[in-house]
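Each chain gets a letter, A, B, C and D, in the order it is written, and its residues are counted from 1.
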């Protein structure tokens, strides 16, 4: 480790924030760009499964709440792209990488939203899992990322409550609604557990991230915490978690639960999720269809700038 | 400021309120179709925000409409359990999104009208109307700033963008006249001092449009031909498809609580 | 030839019949979306004709399903009053039309399967099934001739058309495997000699596809990854939108006679 | 009149059919191309308002009937383009003229279909008016046109009965259905009357067409006949024809009725009907999107032909 690297690590160990203009190791920068970019992409792609129900929301109030949520998500995307930009990569570059399949977004958004209860489940489980990941990241070592996380977490917990509220109404509703609620839990349970990633016991990569405080907890710790938080919520709803091995383990003070089917996880990662192709196609189409708009805004700004300069 | 109950028949007032609520609802629906598909992230945010404001306005107008009707129908019964012919929105609001330019042009033409209308309605003899108008007016003023600005920037952008924006004008212009053609409902609302006459809103709207089109290097069509029918329930073929989607859950699961 | 009532449970037989009926219904719906919009007049006619045949087949299967279920539901109750999760169609059938090439590729992949299936079903132990299969089989053989021919002509056409058809293969191929993956319902139907095992239909289907792809100068994807779920009610996001449109009148005017 | 022209007219007067290879005046050919082409275009554009309800037909039987009808209409288009082709103009040329706004289609298809009852009204009134126009044209002087008309009329009268059957169900249905039926009649009545065209008392053009037996009856005659046939049908349905001046005129043995608003007719003709732009946009889009298909079919045929020739 060089002297620079040692000094950098000591700052992190002391709990100091690293700011964009500070020196940082190339690996730190690259890892952060990948992580923040992927998170930003997830916010953007995550608009699509929820957008699928905006036009069909069952009441005007629910429609308004969902619109506000999707708006927040786009806003989160914006904060995160800005945080990534401080590391020297532009939003457009990140988007091009996404569209070229060279960057990922959270696999959960490759699952479809099939009933209104799925909108509840996405808020309750998906945002719930996201928060579990994000809360510790408020303490991450990179300043802009940490500050973005603080803003995002505040809104996400609001979204999670709204999702749970939908589930309450559905689970306490008529027979079809209860069936929708259970079906949504059945479909989203394991994909939500997968959101924390495979067990990272053996990952050197993860270890380095933890030393850098880009990652704060292990995937398994967070998954356990999520299960422990979520199971009582499901019980309160009168819904059954689709895991016959789920049992309370008094000794560890948490639930024992089944691993998700990791082969499914890797299939989805490879592009074989139910909606991978469509999600990416929708984003690429939006980007390509919008090229003339971006070009026009740029051209207008240039003209305006030229006119202003000429006038001076 | 007094209640207008004595000055305008409830069924006419109801109809007048539906025109406000349905226009906001249907336009909000159209705008919300963009979620996740816009040309640039800032627009995803802005469009979701506009849709949200419009749905909020629809809720206020439709709730008041239900109150005035006095048959126990609330915002959701009105939004979800009427078929197309009972909708009273402007035809312009239900026109398809087209490209982003058409969406912005539609928004601008309606915003410029709504801004005028809501300013006048803020002085309505009906306090409930005035109250909604004040709240909605602030939102719409902001929408108008944005949509006017985008029309200018896209009109005076590239050759392609100008051509697309001019096409948007050609397509949408024939739907703008409906905003200013009054009928018996409007006359009754004007007589009761609930609302201005639609005709009276035109001059200021024309000034706004002229100024923005000039800055946008766009030409206004020669024709003043106006499609009408939306405000009296004769819609385009689009509305039925909008409602099939919008109303599915309420229709398929009647009486459920969401 | 005997009634199969003793050899297969009604609820399982019902489910099996829904798979036939819903696939025909949903595919027919998709094809019917082309009406008036196809590339050439002859195709407007042909597509309307295919849609008509498919809706006809759906009616036969769903009527029989309703009979087997024994709860008084007929073809219309089943088509119009079930939500997406109770539909049992192949995912392939509900995929969007895309361009004309994707529509033809979807049609070919399903036709080649249905032709095999219906040939086998013509020998079903259930006479009612056999009767429908004979009638539908003639129609589907004709559809297959057409769709295979068009896939060949469009594949081996211009550089652009080949590229589009290859793209259609890439998009749709992952939805073809579902046709040949049997489950408990299929096993029960096979055990009762109502139907063949889906797996047994694959070799002939593969031969047909290989021959047509070769003539069309198209390559078959390496992967055998298969999306599944349609046959058990886990659909794509598309089906809900299809049904919102399809079911609007029956949902909005319950109990009306049309 | 030249000798040729005289001989031509005498053949027509004797009731002989003119065939494509026969000599004919240029005006006869041109008028026929315009008339047959316009009729063909109407069949094609006419698919659109009905297609609007295929995906929403209220029962599977109704959906099947409507599909069969739209299929028939495309078929009629095909017969008619073929008849026009015998006059030396290709289908593609005619379509290009349509798309360029240089040929018309029946204005009735610029009105929207807004409820399911409109599908009934289109069959009952629009096909009814069309048949009224077409039945006499079975006796038209141009052979291919006459034969196309014979096939078409058979199917159209079937369509009209199906349309009336929908109206019967609607008029005899629940309150909303009755309202839809009346509303459909209210909207389609005058546009149907306009389908016969303005009064042709003063049109020299029409007079020449009648001499040539391209036109058999005057617009006013046909309109009167349509009203006389349709009013009792409306009464049987319990619906009110939206014309307060409608009265039985014992003397002429027909109804007196109000003229349609001809200014509306001319507006629609000018392009200002409710759906003109959309109908044309839909057709142009179908044509442009389909270009690659037509090109490919042509390229394949050429290759095939080349291979066949080489093998010989």
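Methods note: contacts are C-beta pairs under 8 Å (C-beta built on N, C-alpha and C of every residue); 3 or more make two chains touch, one makes a residue touch a chain.
Computed from a predicted model, the values in this text were never measured in an experiment.
When the interfaces A-B and B-D are ranked by how many C-beta pairs touch across them, A-B comes first. With centres set at the average Cα position, the gap from chain B to chain C is 42 Å.
Note on chain placement: the centre of chain A and the centre of chain C lie 37 Å apart, centres being C-alpha means.
Multi-chain contact residues of chain C, defined as those touching 2 or more other chains: 83, 240, 244-245, 248. For chain D, residues touching at least two other chains, in rising order: 56, 176.
The list of touching chain pairs reads A-B, A-C, B-C, B-D, C-D.
Here chain B touches chain D in the complex through residues 83-85, 171, 174, 225, 227, 229, 234-237, 240, 244, going by the rule given at the top. Here chain D touches chain C in the complex through residues 44-45, 47-48, 50-51, 54-64, 67-68, 70-71, 74-75, 77-78, 81, 91, 116, 166, 169-170, 173-174, 176-177, 282-283, 285-287, 289-297, 299-301, 303, going by the rule given at the top. Chain contact summary for the complex, chain C toward chain B: residues 83, 240-241, 243-245, 247-248, 251-252, 254.
By the touch criterion given at the top, residues 49, 52, 56, 112-115, 176, 183, 187, 267, 272, 274-275, 277-278 of chain A touch chain C in their complex. Chain C meets chain D in the complex at residues 25, 29, 32-33, 35-45, 48-49, 51-52, 55-56, 58-59, 62, 75-76, 79-80, 99-101, 152-154, 156-158, 160-161, 164, 242, 245-246, 248-250, 253, 255-258.
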